[in-house]
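Next up, some structures in structure tokens.
Each of the next two complexes has subunit A plus one other chain: subunit B in the first, subunit C in the second.
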Partner chain A sequence: MPNTSIMTFNILSILPVLILAGFGMMVLVVDVLSSRKMGEKNFLAYLSLIGVVIAAFLSKNFTGTTLFSFYGAYTIDNYSLFFQFVFLLCAGLTILISKNYVQRENINYGEYYTLILFSTIGMILMASGADLLNIFIGLEIMSISIYILVGMKRTRLTSNEASLKYFLLGAFSTGFLLYGIALVYGATGTISLRQIAVFIAGKGGVLDPLLLAGMGLIIVGIGFKIASAPFHAWVPDVYEGAPTAITAFMAVGPKAAGFAAFLRIFFIAFGQVHQDWEKIIWILAVLTMTTGNIIALIQTNIKRMLAYSSIAHAGYLLIALVAANNMSVSAILFYLLAYLFMNIGAFAIVIVISQKEDSFLKISDFSGLAYKHPRLAIAMTLFLLSMAGIPPTAGFVGKFYIFSSAIKSGYVLLAIIGVINSVIAVFYYLRVTVAMYMRGPEREFQPLTLSPFIFVAIIISIIGTIQLGIFPAKVLEIAQRSILLLR
Partner chain B sequence: MEPYLFYVMAATSVVAALYLIFEKNPVFCALYLVFSFINIAVLYVLLEAQFIAAVQVIVYTGAIMVLFLFVIMLLMVDVKKKQKDDLPFQRIPAMVMGFVLLVVMGLAIKSKLFQGREGEYTSAKVESIGHTQLIGKLLFTDYLLPFEMTSILLFVAVIGAIILAKRKV
Partner chain C sequence: MNLPILTLITFLPIVGVILILSIDSRHKELIRVTSLLVSIVVFLISLPLYFIFDTNTYDMQFVEKLRWIPSFGISYHLGIDGISLFLVLLTTFITPITILASWHVERNVKEYMIAMLVLETGMVGVFVSLDVFLFYVFWELMLIPMYLIIGIWGGQRRIYAAVKFFIYTMAGSVFMLLAIIGLFFLNYRATGEYTFNLLEFYRMDISYAVQFWLFLAFFMAFAIKVPMFPLHTWLPDAHVEAPTAGSVILAGVLLKMGTYGFVRFCLPLFPEASHAFIPVISWMAIVGIIYGALVAMVQEDLKKLVAYSSVSHLGFVMMGIFAFNIQGIEGGITQMINHGLSTGALFLIVGMLYERRHTRLISDYGGLTKQIPVFATLFMIVTFSSIGLPGLNGFVGEFLILVGMFKSRILYASIATSGIILAAVYMLWMFQRVMFQNITHEENKTLKDVSKRELAVMIPILLVIFWIGIYPNAFLRKMDSSVKHLLEQVERKVLVTPNIQKQDNPDLHDNSIPKIDIVPEKETEW
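And then the complex of A and B:
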């Protein structure tokens, strides 16, 4: 491995994390010190955006380097940098779509932005952690921030319910994960992913029961965070009750972070015992895709529909995890980036269409949108088609690479199930499009407040969706370079 | 001497835990929990982990249980009110599954399938360096990053407690 250096203690390596933490606290302090009323605190959004942009530039500086710092607990490689980019982009876009939304919903607290920045820190730790302890702490920082963000709309009952539900179930899943980590530590005597791999290799690639039990519990813990099928029961209620901007954030960020940790643990630590976990993940993938898509068919609320669709997307990503070849890693990275753009774009439009107190969230509320606001309808159609995987969009290329990675490893049946599922999915995505184009308006569209912030977010999402769909080569190349040191 | 102490302490802590579950009065429940924790602290001492035993007593039985008692006191939980079981149909399956889990775990322990690995820090090594020194050294070398990141975790929790529980923000 060229240009690999082992540094025992390199504070510069966590500079993006430190910047995010610093800006998060700065937002809090500025919020307290400012005497302005709650509706006028726009500068908090600017401040946190600046923090995200600086962190993105700092992490860009590391491109191409590979280093282990903090005694091998924290890695920087192209893989973790790709994920850092995804997380920071996700946080940035969320802040953009939040700015007017939080004013409308009266949740314009400084803590809102602070918690978004802090949960981004947690995600970065999950993607960069080279041992199970770091991944666990990152997961906790991310989850606890999001539990709070979900309940941010304190006066609305659905928000409280969503927060409590997510917190209780999330605490359980954390227990599973931690128990799994403890069993793995008990069996191998180490928490470092590479050392676990060395231990398994020393045993000749055979897992003893203790390690097997630990691995299973880790699958449960992370499976909850990425919303895969038997552990998905919380998703619809929580996505529906959370403030819409936070729904967009938690549909992308934790899922990407969960996959970052999932891939690192299962490809590095348990890479040699692929035959022991591929069947479980195979079943999880099929269950996740099918449940998500079939239940999404009967939803009438757009947020619930997108929640089930996000479950289905986790299923597609799991297909690539089963395949476990070099192509599948780049496919997952590419798909997550594409998913980021189309998902945040769709939720941004949901925010624009809905009115105060999150009303007008039914699919029928989109009827006739094309006649009143044709450009918004076109943008929404683009995002939905991309989620369905229709050719000139990012979603198509992502699905194509995921299915081809499965076929390359010989999982033809799994790929076929995936394709059938994406055909089912077209139906419910098209239902919204049909409502927008083929039905007359059922309600008055109040003058929509398309503020410059959310406008920029939608434009970025459109550009991302189209660019990744038409010219995927450049991003794919970056994604392919991000896997070199993984195995 | 030591094996007997182990059995006595283990048995008392299980009995205390059972009392904790079946006791109706929440204050007594908390006190039984304290009792169980102290017994477990003694088990730590028997495992030659004095530092963890001390932390167990100071943090769990001291700080956290006092907090528990305060919460019970402030909420003024009504002892006499009979609690309705909202999920009666879960009772039987829960018992069956719990029993199955117990049997499986017993079999697993008996069959010696679950064999741990002797760790890096044997009691001889711990004895030569010293408990607290060893933990301190590890916290500030190998586990420095997670240790520091825990501060962000705690900070987030504080923010959450304030923003969700305050009457007026």
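And then the complex of A and C:
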């Protein structure tokens, strides 16, 4: 049990969240009051970026403190702060790659940035939630914002379809999650994760069927959000139909938030009954990696390919979840940060290469890129190699860490399946480099319009990918200090 | 003398890359000269390794150690002994030669030279790393430039060959990665210390069942790289499609990483398992030797012929290493160097012919001796070196390997020896068809003899070929104590568990995946 003296209603603890909410609403109001044309509203991006930066500075102030505010419903510890950092970085980079994209695609509405900020709030609540309801509310705030963001391109049929699909399936999965929470509450009489753990310990680590069913339903609900197979069917269509910048955002943000909640629920509440859920997650991990990687092999659209690859990455992360040792928490944290850089970097390049109305998104459209825009091609290669887990990149250290945690707990077979999968994955990542370097151009490349915003985003991603690959020591240490306070 | 020589030779090429990046890609000549100069400087810096090298100790020399990722005990740890010394020198020696030999590359010169220099960093890094994590990083790092060299500057089916090369190597090495992690935790369980230091790993006593699986994982990575039959199929494709310099590097250095891996990792880390695997590896090597030779014999394409001859030659190296005696291992190492030199030279020769006639078919040549006598002489010396004519380098290695093999296993030795005869057959027959007989093609009458640049490419290699052939002691003496120590290490461990010979067939079905229950959950620093 946490010390009761710090279990207060501490409004300061959610200051970053408040800032984000405030700036989000400010963007809306300023958007309405401004008389400029849609394409000229640069200040929307500036404003929301300022909000993210302020929130990041505020949350940095909390480092090292452990705080249970709102009577234990909201936790601040290094773990949630690490996630806050990931979410804010993700939101910031997304805003950077969005600015020119939304102008090009004519979707420069105020809501766009507001919803990004709001969904970031949802993610932060998920990572900080110390009880099931708080996590659920966070998940809803995040999801509903993203449902709308996916359909932001109102005039495009694919975008509408993606939004509807994501909404329907997402609502359905939320139902599962809520039902699971209800069952757990019915069985234990509490929604606090620590109280659930106490309850299970009181029963000698045996789950009654009600609790077991609740746990299973929670796995389904969160499994949907992190896009694990077999709950992944929505991913390719939604990722393809969504505005590309939003695809980048949702490939990282919700996934990271889902894992934040997953880890907290399963390591704290269900930590003692590891043997009851490790097998099911083991199977999920194998299914997720394999499905993602094998279907990615035959994709011709780069967004779909990256969608399936993101499914596969969720599978790798699940490996560490199965391992359930202290190493796996920091492995997941590190991997998510690495994934953030390489994924947003890759999508940023996709945005640069594609043209209005999201044309030129086929892998063959990258043919000959290396001879037209060599720097872009090198950057893209770096991100792809990192996703494939080739040293010296962030992705390699991340995979190394994840497989280490698996082997540490003795899951050798799972690690073997994992590495076989990463070999399969190499094949489709190489296809893009083959197109870029080894084939002649199949189309005229437009002269590059690299705005300073997206340029900065790409540079940050490159630095992140290389830094975490060559000098990961510092970040590894931070990740190791950010483990959950178990049990 | 406290210069960090190993760091310099590993990372100077990267400095060269930065230099080249700052040159405009239109100044092709400047780019070529810069990269050549950089690689020559690297070679010159590496020379003191040979002269200062202390032959009396088996300890690692020129050691450099810096903390890199302390939370995992990973350090930047470099050092060489008599086993890696010559492979390092071979790498720094071959690289400037290949750069000089690729002067004719006109397309994307800048990218090409960058790839070559990054490749050099990767190759040197593999041979000098004493930290296993670092080793793995370099091992994978060198895949990317080689993949690009084959895929961008290669022949007709270059994309297929490049991807195949990448996937094959990657498929092997990921298992090695798992085994490395396994070793890390085993060592932690034994000593309570996080480290990836190879020298610490050497001290571990690993139970045979675990050794078996770890050996298998390392074996996958190295056997694909060597390549051993039947994992060799990527090699002919890669060789044939790669540009000349790519083939030279591939044959000269990359394949040696596999055999080096066996000597550096498999034997000392898993001695019992290595012993148990002798029959398997020997038969794979023997099949490789004979199969490679027979297939080489019927090739119509010069490059393919040389590629398959590599499969055969590397089989000999493996036989030597797994003879488990000093002659065998020293022969194996010597033969690695020899193969790098003579096969590298053969690829250069084929490349020169190709530049002149744009064909590699043996039937398109014939009677060249009269037209291009200097070239013919060079070609002949290299051919003889590859066959193993006494007085040239190939003989020394093959002889030592044979001595080693006959000392340990006569049956294997006598079968494998036939490969030497076959080698003479396919090489001489090829030479005869290309260089002797009558000129059957009009185009061959106007061929130009070797240019000065080509002479500059070939002469250094020929000098070393003669040097090793005539005075092999200059090389063998340097390896002696390291190889002896390696054997002592292996023997000591094998003797401790005397029942090892009976355990040739571990029960594969019992706990088919060893549950490596590594660490108790109590420690908190994660």
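The rule we apply is simple: the second predicted complex is superposed on the first by the 478 of 487 C-alpha atoms of A that agree within 3 Å, B and C clash if a C-alpha of one lies under 4 Å from a C-alpha of the other, contacts with A are read in each partner's own complex, and residues count from 1 in each chain.
What we mean here is this: a residue touches a chain if its C-beta (ideal position, glycine included) is under 8 Å from a C-beta of that chain, and two chains touch if they have at least 3 such contacts.
If you're wondering where the values come from, they're calculated on a predicted model, not measured in any experiment.
Using the contact criterion defined above for the overlaid structures, shared-chain residue A:A187 touches subunit B, although it does not reach subunit C. In the superposed model, A:F118 lies in contact with subunit B only, and not with subunit C.
Contacts of A:V456 after superposition on the shared chain: neither subunit B nor subunit C is touched.
In the superposition on chain A, contact of A:F427 is made with subunit C only, not with subunit B.
By the touch criterion stated above, A:L385 is placed in contact with subunit C alone, subunit B being left untouched. Of the two partner chains, subunit B is the only one touched by A:I14; subunit C is not.
Of the two partner chains, subunit B is the only one touched by A:M152; subunit C is not. In the superposition on chain A, no residue of subunit A contacts both subunit B and subunit C. Interface of subunit A with subunit C (complex): residues 325-327, 329-330, 370-371, 374, 385, 390-392, 396, 400, 403-404, 407-410, 412-413, 415-416, 419-420, 422-423, 426-427, 430, 434, 437-439, 472-473, 476-477, 480, 483.
Contacts from subunit C toward subunit A in the complex involve residues 67-72, 108, 111, 133, 136-137, 140-141, 143-144, 147-148, 151-152, 158-159, 162-163, 166-167, 170-171, 174-175, 177-178, 181-182, 184-185, 513-519, 521, 523-526. Within the complex, the subunit B residues that touch subunit A are 108, 113-120, 141-146, 149-150, 152-153, 155-157, 159-160, 163-164, 169.
Those residues of subunit A that touch subunit B in the complex are listed here as 9, 14, 21, 28, 70-71, 73-74, 109, 111, 114-115, 118, 121-122, 125, 133-134, 137-138, 140-141, 144-145, 147-148, 151-152, 154, 163, 186-189, 208-210, 213.
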